[in-house]
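The structures considered in this document are given below.
Next come two complexes, and both contain chain A; in the first it sits with chain B, in the second with chain C.
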Partner chain A sequence: MRKSKALSALTFLALGLALLGLSNFVDELRVYQGAQIGVYIIAISSIILLTGYSGQISLGHGALMAIGGYSAVLSFTYWHLPVLLAFTVGALSSALAGFILGMAAARLSGPYLAGTTLALAVGLPSLANQFHILGGEQGLSFDIGEAPKWIADKTVGEFTQYKWFFWITVLCTLVTMWFIKNLLQSRYGRTWKAVRGNPSAAALSGINVGRSKVLAFTVSSALAGLAGALLAMLLGLVAPMAFTLTLSFTIVTGAVLAGVTNLAGSIVGALVLVVIPELTDAVATHLGGSQKITANLPGLITSVLLILTVIFAPNGPQLHKRMRASKKESSNTIK
Partner chain B sequence: MLILDTLLIGLSSGAIYALMALALVLVWRSTRVVNFAQAGQAILSTYIGYEVMNRTHSYWISIPFAIIAGGAIAAFIDAVIMRALAKRSHKGSVAEIAPVIATLGMLGLIRSLTGAIWGNEYLQYTSPVSGKGYLIGGHTIPFSPQNTVIVVGALLVMGVFAVIFKFTNLGLALRAASFQPEISRLAGIRVDRIRTIGWAFAGSAGAVAGALVTPTSYLSPNSLDLLLVSGFVAAVIGGLDSLIGAVLGGLILGVGFAFILQYIGTSVTFSAAFIILIVVLFVRPRGILGSKVGRRDA
Partner chain C sequence: MLVHRSTKRGVFAATIAAVAALAVSALPAQAFTPHSEIGVTANTIKLGITVPLTGSAAPGYNKVPYAMKAYFDYVNDNGGVNGRKISLVIKDDAYSPILAKSVTNDLILKDKVFALVGTLGTANNEATTKFVNDKGVPRLFVNTGYSGFANAKKYPSTYALFPSYYMEAKVMGSFLAEKYAGHKVALLYQDDDFGLDALAGFGQAGTSFVAKIPYASGSQVDPTVIGKWITSIVASGADTVVVFGVSTATAAALGGAYKAGLAGKIQWILGSVGADPTTIKTLAPTALPLLNGAIAASFLPSASDANDEYVKQFAEINAKYNKGATLDNNVLVGMNAGMLTVQALRAAGTNLTRAKLMAAIESQGSKFASAGFAPLGWSKTSHVGYNGYWFGKLGADGSQTPLDGAGKYVLYTTDSSSGAVAKATIARPAMPAKGLPTN
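So, the complex of A and B:
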């Protein structure tokens, strides 16, 4: 057990170094998209943890990302915190909001929870117009500045702003994935799975069902908050327009495409979310489509994918295959 | 006077919320699915109404077309998507949320589709009736002829529904199929087909809401998102499975919103829906007219 843990830590480390190294050899746009993928991975993992493991649904994670983004920017601007600390503040304040929401959520089931979080996603971003400190419709700008010299000097070529974004995102993503992976294998992860599988049985085994659900919601919100803060960094600002209902839907879509019970799938989901607009853009310009079509094709394709996935492979593409394989095995043994 | 004005405005928006809530409740009763795609279905039918109006130059002719389109879209979604979903994903870790996800997917699909066809810019779907308030004794009240059309239209729809559900065989079958599907099937009701008809009714109600409310603002692929949330809140206030409750919930919410708007400010309307919803769910989770089954067992 110890050994495999050390091994997986090493894998994460190697992966991180490889990614950072890679950032020297690809162009600016790809580096930026790499950072986007990182943000999506964290956001999708937060949904996977919540829906796939704890069995709760949230259509309002865009709002929780907004809370994370705004708190990070505010603490960075007014308290002059270092960037990573500002991100922590973002994650923590989002966790607090998630804790409160989770208390309500633990008492709600399926459609009620979906509707409540939907109302939050629609309502919360518009609060920015109400408080002067939140900057209204234009939002607040967020400039984390250039990379410190001791990092910039040690790398090959010019150390651009996007590369710095990418480095920070990679660091955050790896730490987050490492954290979730271990959390899901811990007592808490097992508790969540037990509650999702059969709440009554879980309660009879001495699990506090409500508390377990609230905890899942809180952790998931913290992750969403971190993703929101990173997103704000990438965009260079926080504004209501950045945290729309579409964002909430997008990350749920990513999670479903990833297979909601499969943490590693979040990478696939994030890739799909970033690659599809890129692909459709290429196709649309090639075919000479109008701006209307170019702007809406990505949404169209992801929606179709979402519907097909939920009908034909509700547990996600990968798990589905695995389940079929195990079913085959068991039928063989019966013979 | 101000209170009366606010009340009138509240009734008008409440009528729209009530229609949306009716659409959600109709689907919820028969399939235990909150149809988040309803906003999309309504917007697509409104766009179809818009096209008809551009061709015929008549708002009144365009409304029936929007209604028929709304019914057809809903029937299509139920027959093609929801039935396939019910057959396949009744097991597995996401079975509980699969319908929610599917309707979300439909919402996204319809939005992108309308965006690809008509563009994301704001279009005007205008009514020949004035949107300016009536002038009573030198005082312009905020209630306009278009608001009258909204209230009368909504009342008409509710009346038609009431007659269908109370006095026709179809209505009886609809009610039976939603409460005891197994027994209805034994009694010779084609439950699947009746369900699709229920969806069609819901789609039509949503289409009326879209066609009536759009002249008071603008038409864009997501201009009805807030209406979806209000409709959901109204449905929850009413108990989520009561048609009369949906109407009452809509009116209560509409009037409540109008007073909040008048006395607190416009900026809180978005968050107000959320706060009202939370309060209702904590204080009286089964709504004013909901059946005893609480939200936990839903």
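So, the complex of A and C:
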């Protein structure tokens, strides 16, 4: 077990280095999109952890991302914290909000929980218009500055700000994925799965169901907060419009496309979310470049994909294949 | 254990896919450009604009880019600029700074435009400033009057065109003192840098209000918000209301006031941004009785002034190239910015670069022909465009006539600091023949 852990740590490290190296050779637009994918991976993982493992639903993760984003920007601007520390503040504030929300969530289930979290996603961002420190509709700017010279000097080509964003996002994403992967394999991960599978059975086995649910909600919120802070960095500002209902739905969509019980799928989900608008843009340009097509086609395609996934592979394309394979296996063996 | 291993395999496969997709997609993005400057080829110039085409601020503003495009098409059909045809990439930002940021990203990195022209909105332009500055993309004639954009140090590649909201508020302050002394005046303003710029200008002018009512951008579509405005106006006892918001907010305020039975009881004074009669008429037909007699500030001639040589020429081009869109302030704004852009591109010469374009505006821009009544102030040290306004009365048909009678435009000029407000005479260059610059 220890050996495999070391191996997977090495894999993560190699992957990080490969991605950072790659960023020196690709177009700046792709670097930016790479960073977007990173943000989506973290956001989708937070849903996978919550829904796929602990069996709770949240349609309000956009609001938790907003809490993370605003806290990071405020602590960066007013306390002059280093960026990574500001992100930590974002994640912790969001975790605190998630903890409180989780206490309510543990008492609710199904549509009631969905409704509660949805209300949060609708209402929370407009708070920014009530308090002047939050910058209103226009938002607060968030400029983390350029990469330090000792990094910028050692790479090929110009070290653009987007490349710096990409590096930070890659670091955060890999660390986060490493953390979640280990967490899900730990006692907590098993507890959550037990609760999701059958709460009564879990309780009979001595698991504190409520506490386990609140913990899952808190961890998931922290991840969402981190994703929100990274999103704020990419956008260069936080504003209510950055954390719309659409964002909440988008990451849930990404999670469903990924297969909600499949952590690795978050990469697929994030890729799909970023690549589809890119593809439709190319298609629309070929069709004559209508702004209306470009604006609406990604939503349409994502919706169709979502419907198809739910009908044909409710547990995600990957798990679906795996289940089919194991079914075949079990039907072939005589018990 | 089976699940664990296959999860790991999944992570591996997915990351390989991610890396491969990233690498492959990088290839087509690096297009081959024969010319040394981004967005310019031997026979094309690519420009970009961001505007709200959807959402609460879209009505009215969504006409600006198409009017600009119509003007460019007209110029293209008449030989283009130094043998190059202009193409305009139009992007919708829904009046959201966040979306503005992402579509500007696309314009600069994906569409690889040579310059941005007439990008709309104070907050939207602020949101994209860092990136625009980093890339050194010229941002011409921004469609906002935020005084900050004339600061050449902070926004080195940005050129303001509209007189600033600060100037407008100062001018309006002196107008109020002159014509509405002793009246109880309330102010309705958009609560972001747009409105705050105006508040600072009113402060400088020493104007006092019986009520200052802020509204969040976008909230003007919410009936309860409009209800609150009206309640505040009535409670303040105001007989005169100044609106410093977008046209959709003006329409909402007038519509709400009409419903509350305030027709004829309040003199409305509209800032230049929120005074497009066509937009207001379309959005709030009930507001017509209130619009009739309202006073509005403007720096362009009235779109209804058929005798104005610029309006006449733009109307002709509009009829032919803009699918018969009604000529209004928004169309004028779009065509006027288009014509200034063409002159700037011409002045930059055949070997077009971003640096030359900006140098051309700074050295020759103040002499460009444009529909605005105030002179243009661009120079090596200043990015200020127009510096003055005239006031006119709106009619129920949407026409705007100068207060002192038809054709007698009185221009008030000032600056974005403590300078005095002066009445000036109008002296603008003549419209180039057929609306085609020859500079």
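The rule is short, and it goes like this: the second predicted complex is superposed on the first by the 333 of 335 C-alpha atoms of A that agree within 3 Å, B and C clash if a C-alpha of one lies under 4 Å from a C-alpha of the other, contacts with A are read in each partner's own complex, and residues count from 1 in each chain.
Assume a contact is a pair of C-beta atoms (placed from the backbone, for glycine too) under 8 Å apart; a residue touches a chain by one contact, two chains touch by 3 or more.
The structure presented is a predicted model; accordingly, all values stated were derived computationally and were not measured.
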{"item": "Contacts of A:Val89 with chain B and chain C, given as first, second, both or neither", "value": "neither"}
{"item": "Contacts of A:Ala119 with chain B and chain C, given as first, second, both or neither", "value": "first"}
{"item": "Which of chain B and chain C A:Glu28 touches, first, second, both or neither", "value": "second"}
{"item": "Partner chain in contact with A:Leu50 - chain B first, chain C second, else both or neither", "value": "neither"}
{"item": "Which of chain B and chain C A:Asn129 touches, first, second, both or neither", "value": "both"}
{"item": "Which superposed partner A:Gly236 touches (first chain B, second chain C, both, neither)", "value": "second"}
{"item": "Residues of chain A that lie at the interface with chain B and also at the interface with chain C", "value": "129, 291, 295"}
{"item": "Residue ranges of chain A in contact with chain C within the complex", "value": "8, 11, 15, 18-19, 22, 25-30, 32-34, 37, 129, 136-139, 141, 143, 160-161, 177, 181, 185, 235-237, 239, 241-242, 262-265, 267-268, 271, 275, 278, 281, 291, 295, 318, 322"}
{"item": "Touching residues (chain side chain A, partner chain B) in the complex", "value": "51-52, 55, 57, 59, 104, 107-112, 114-116, 118-120, 122-124, 126-127, 129-130, 196, 245, 249, 252-253, 256, 260-261, 291-293, 295-300, 302-304, 306-307, 310-312, 314-315"}
{"item": "Complex contacts: residues of chain C adjacent to chain A", "value": "4, 6-8, 10-15, 17-19, 21-23, 25-26, 29-30, 53-54, 90-92, 96-99, 101-102, 105-106, 109-110, 122-123, 126-127, 130-131, 134, 191-193, 216-219"}
{"item": "Sites on chain B touched by chain A in the complex", "value": "28, 32-34, 36, 81, 84-85, 88-89, 92-98, 100-102, 104-109, 111-113, 115-120, 222, 225-226, 228-229, 232-233, 236, 267-268, 270-274, 277-278, 281-282, 285, 295-298"}
